[in-house]
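Each of the next two complexes has chain A plus one other chain: chain B in the first, chain C in the second.
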Partner chain A sequence: MWKLAATLAVGLGVIAGPAAAQDRPERIGMGIFTFTSGPAAAYGMPGRNAAELIIEQINEAGGIGGVPIAPTYVDEAQGGEGVVSEFRRLAGDQSIGVMVAALSSGNCMALAPIADQLEVPMVTWNCDTHQLFLGEEHPYVFRPNSSTVPEFISYAAYLAQKSPDATRIAIINPDYAFGHDAAQIFTGAMKAFNPDVEVVAELFPKLGTASFNTEISRIAAARPDVIFSNLWGADLENFVRQAQARGLFRSSQVVLALGESVLQRVELPEGVIVGVLGDGWWMSPDAQANERTKEFVSAYRERFGEYPVFPAMKMANTILAVQAAYEKAIEASDGWPGRADLREAFAGLELETLTGTVTVREDHDGLVDQLVGVTVASDEHDFPVIGEMVRYPADQVTPPVGEDPMAWIGTLTPDFAASLPKPGSYE
Partner chain B sequence: MDIIIPLLVDGLAAASLIFFIAVGLTLVFSVLRVLNVAHGSFYSIGAYVAVSIGGWAASAGLSPWLSFPILLISAALVAALLGPFIEATFIRYTYGKPEALQILVTFALFLIFEDLQKLVFGVQAHYQDAAMQVLGVSEIGGIIYLNYQLLLIALAVVVVVSLRLLMRHTRLGKLILAVVADPEVSVTLGINARQVYSIAFTIGVFLAALGGALATPTSGVAPGLGAEAIVLGFAVAAIGGLGQIEGAALAAVIVGLSRVIAIYYAPAFEPVMPYLVMLVVLLVRPYGLFGTAQARRI
Partner chain C sequence: MRIALLLALAALFVAFPLAFPWLAFVFTLVISKGFAALGVAVLLRAGLISIGHALFYSLGAYTVAYLSRGAGVTDLILQLAGAVAVSSLVGLIIGLFMVRYRGIFFAMLNLAVSMVFFTLLSKLYALTGGTDGVRIGTPTLFGTTIERDTLESILLYGGLVLAFGVGYLVHRYLKSPMGEALPAVETNEIRLEYLGIAVPRVLLAAYVASAGLAGLGGAMYGLLVGHVSPELAYWTISGQLVLVAVLGGIGGVVGPFVGAFFLEIIRSFAVIYFDNIWNLIIGAGLLIVIFFLPRGLYGLIERATQRGPRR
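Up next is the complex of A and B:
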């Protein structure tokens, strides 16, 4: 009988093996999900490029605990079903230690329960929807980045500080969770900072829209003081080209939440409020003071022919967070850390990134500062850069753990915006 | 009243682009009786070729006014290279065959072209907006419009009139009409029906490629453009009545205006407007606005 029990125990040990501490592997498999084709590739490819470069740099420096990272890239343009299927396939490969997924908030929402089910750590690099951890715990999912709430509150705060008299707002966001969430958060915060604010046009064109000409007419007819948009990728490029030619940037204060990602591709006029959904601007004072960042930026520019836009910096910072978690797990484990050990290591993780710091809170959400500014002409570059910057501290613009984000926004007052650092204070 | 002018200008501008997608599709169906799913590919290939040649012209420092002949030349190039070849090697063998087979063959072509485009032009979006920039803007009813939008409306009218003239007042048009009316009698009378099919198919490819090329100055081109075009093209062609050129024009105006009205008054409905219109029209007139149960007219 004891032999049977011993055999069963050994057998169960083998089955449970991948999740527990084990021998040092030859490589650390990493599934990396982003858009590498289609209109969204304009945003997703910088992430792909940054992953390639930062992994190469980590591997050249000896890898993680002496083990090189071996990435497998998955194109999110294949659609939700294909992405889920690829995620399951990679999770079934025990050489894959961690997933860096995904770009799309929709894909993250679909993948999070699967990561929990398959007990594979999933580290989000771009999907910012606050709904990811809203009312549902995901023990295997971590976001070492910020979420939509601090990101879009920051734009409202910047506007309240810079253009306090602006009351007529038009919104043009993509027609999915990211766009609708942003509209709700931005409007809620704007109304909290100035009760006279009214939304005069609210449009949600579908992702992949090529012509925004009717939307531009509709917005122009509404005569808004402010036009807010979190369009991205090729959609943003198309919108900027068409809107600028039709004078929209002259008649209203335009806020492009993801504007930095197109600064090098389209001609944005001066005075447009832009940001980086976090602190990931390669030219920020913090980034420029960091030798490793300068080295990364220079190598990126040399290889890919452009400077790393913020999706690239977010990806690089996320992979550095994975590296930090692995190093923490290695220190805490007897053998090589398994997936469960890595999960443990992510809780409470703090690290210096290429552009600042990040803390992973107990609810698995990240604390990252928010950088906002306006486009200004540059002496050094043939494209505009960000000036009149402010860096809002993460803990000031992020709802406390356990608090409903929308309810928290409802508690904000004009004094809140006034208490934040002022535009131009980050130099 | 203030809203009427923007509704009309935006609606007609949107309609003109939609018309370019549908007109070639409906022309090919009227002559060859083939539902050509690959039509969407010719649209996107026209866009890619126009952006590529336009990009080369810009980098060579040529005048931006050359963008306009480049758009036309791009469409003509695509039509000349692909039209006769595809008709002779694939489409010809589907004449008179069941519609399911025709759709399978042209869908296969569409898939092959989609992958070929990714191989040749890459997977990222491309832009070339010199034609839009050089024309400038006009203010109508207090709203600034691109003159290029107004040019598209004029071009769509020119294409409708030209096709009408071609079909009714030229020898080629009469040959096409004869083949459409009765291919067997046409052959007996000495008409080279094969050649007529090839020419009609090539005109269809030209119109698709021209539509794609004309869309690029404002919208650029990215993978997936062909799929979006063919779905919309089929909807508009079905609303107008398959094979009806004037029907396609009227359907494009209805769909264009309905989308614009939706953006102004019920933005959430904008993406489904072409299909809502199609549903209503086909419920009332199952053969489309200009279609009839048996007639084969163009």
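Up next is the complex of A and C:
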């Protein structure tokens, strides 16, 4: 009983303690949500690695306003309720200033209302679903990244420019919201750019499929001009290996939306259209011109044995956005900025990232350029790199504030695709 | 003595979230899972293992989602009642053919039906929001709007009261002839038939009750988390419910709640302190209980309270 009373007393003390204080803290707590176990870790671990490295670099350079960042990592593989429970626990800890969450769109959708309720700023690093801000306002949620709409219409635009005669398209996407959304956006944009386009096959294998033989047979039988896929992780690697053996890459133009993430792991043939769902390509001209990025890339390579794939760049850029917001908030407020001050700072935030720029719009969605290209052999590396690149300006390919993204895709015309920069223009 | 122990546990249950606000969420989750696991435990008494109760659990949550979004029923009480009604009804329909099977067939058939439901939830994209799930808004109570924080208190403290109420009802049911017939089904079903007791009817009642309990738990889960995705209908959740019931012990109504408490606490702390090997810690904790407490954690309570009067 005494133990209980003591615990109670300590607990109440904790609650009463830091509420009023806005002095400079000893460290900035940051909750970082990603997959570090299970199949999605193939995509989540680069994110965690990048977070570790960039935070270390920021802290070595003096932290944010002289205060080091103290990250707490949460594994999203523990499922929705565990993630929500951890988010709540961390939000209750006043030393935590901001949450970087999450990888999975489902988790972001579940966490967003909680961030609003607990009034803790939440910055999404990878959940790109356009549904996040659709129909619901989230005063405390920000996405300094692009959404699925600009990401996937960019591939349609690239195709419209590169192979304008392609009309028969096949789609093979993972069977969950990300795959279905992408199929809808890509098809909508393809049809807007060329009314003759028809979908000859649309397949949604479930996540974790090991054998794609039946899917590959069905695609081959449909004789598509274009095969689009936003498979990722081990699924993508399996699909590439099996499709290559069956000659799909020779008979059709293949588009792998998340292809960059497996370039170093699986031998992709030349001429496959790949991209990075944003501008986070570590070898892009902008990245190579940036000393900080080069330093980050070589440190990453040294520590983790591979170059930072785009999920890693996305995470690093997102944490830089948090840093920028903090610096803006420190300038704007008298004492140390609280959570509400930080929220203010995110609105209209603009910053230079490792790979370009990002602007957080008034609807809290991010404006990020879209980089698309095709795989080409490299003299420097033993894996293919991206060539014939184009960098679509964010404001051109992102639906304007307040517009229904799907309806906006319907308003696109062939002239729209023609007005964009041409493949190969980004050097 | 047993009552006193229960009240002491309940007092601890109330006190901790006051000191550590984040525990309120975990504790409410315990109640929600406890209801569902109690449903599974009712069937376990008849020797029937259902690896498919995530169906009713998720059905409860999705019912709340549809009541508030589609049908405009925003009242908390009506939503809970609706969820129990819908899951009991579905339990009745599924139970009609489920009660004919025993053993592995019962387990597998439940699994199969629940996985069909899981697939429907994931695939009927337009209806269910696919794998991203649907959001559940904050309900009203007796026509007044309530804050999210108020809702959480209601769910925790109201849930605790509800757990006592429902627990008492289930306890009475298990002591009634219908309930006492359940263990008899396991030991000798034919003898029961010769005694003139209609076994299918006994089992159907138990199945409907267990579906309703799981639905109630699911509805609480949905209201608490504010979001529901098909993940909740996946077979691993069903497995977890069975595990919780066995962990806690099926000897008494309190067992599943104790099991849920144990699991959630271990999970929470494993995730906090061992963020790389949390699944390993959970597994080890469960193994220890299963090896050393064959009657579940409830066995501890039984032992403590039986010794009590002799002292």
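As a convention for this text, the second predicted complex is superposed on the first by the 406 of 427 C-alpha atoms of A that agree within 3 Å, B and C clash if a C-alpha of one lies under 4 Å from a C-alpha of the other, contacts with A are read in each partner's own complex, and residues count from 1 in each chain.
Convention: a contact is a pair of C-beta atoms (placed from the backbone, for glycine too) under 8 Å apart; a residue touches a chain by one contact, two chains touch by 3 or more.
Quick caveat, the model's predicted, so the values are computed rather than measured.
Legend: residue contacts after superposition of the two complexes on their common chain; A:E237 is shown touching chain B, with no touch to chain C. Of the two partner chains placed by the overlay, only chain C lies in contact with A:P113; chain B stays clear of it. Using the contact criterion defined above for the overlaid structures, shared-chain residue A:S419 touches neither chain B nor chain C, since it reaches no partner. In the superposition on chain A, A:T411 makes contact with neither chain B nor chain C. With both structures placed on the common chain, the touch criterion links A:S85 to chain C but leaves chain B unconnected. Contacts of A:T36 after superposition: both chain B and chain C are touched.
In the superposed pair of complexes, A:S298 makes contact with neither chain B nor chain C.
On chain A, the surface patch touched by chain B in one complex and by chain C in the other comprises residues 36-37, 175.
Residues 36-39, 41-42, 45, 77, 175, 202-206, 208, 210-211, 213-215, 217-218, 220-221, 233-234, 237-238, 241-242, 245-247 of chain A are the ones that touch chain B when the two sit in their complex. Taken together, the chain A residues at the contact with chain C in this complex read 4, 7-8, 10-12, 15, 36-37, 73-75, 78-82, 84-86, 88-89, 91-92, 105-106, 109-110, 113-114, 117, 129, 131, 136, 175-177, 180.
In the complex of the two chains, the chain B residues touching chain A come out as 2-3, 6, 9-10, 13-14, 17, 118, 123-125, 127, 129, 132-133, 137, 142-146, 149, 215, 218-220, 222-225, 228, 259-260, 263-264, 267-268, 270-271. On chain C, the positions that touch chain A within their shared complex are 12, 15-16, 18-22, 25-26, 29, 122-123, 125, 129-133, 135, 148-149, 221, 225-227, 229, 231-232, 267-268, 271-272, 275-276, 278-279.
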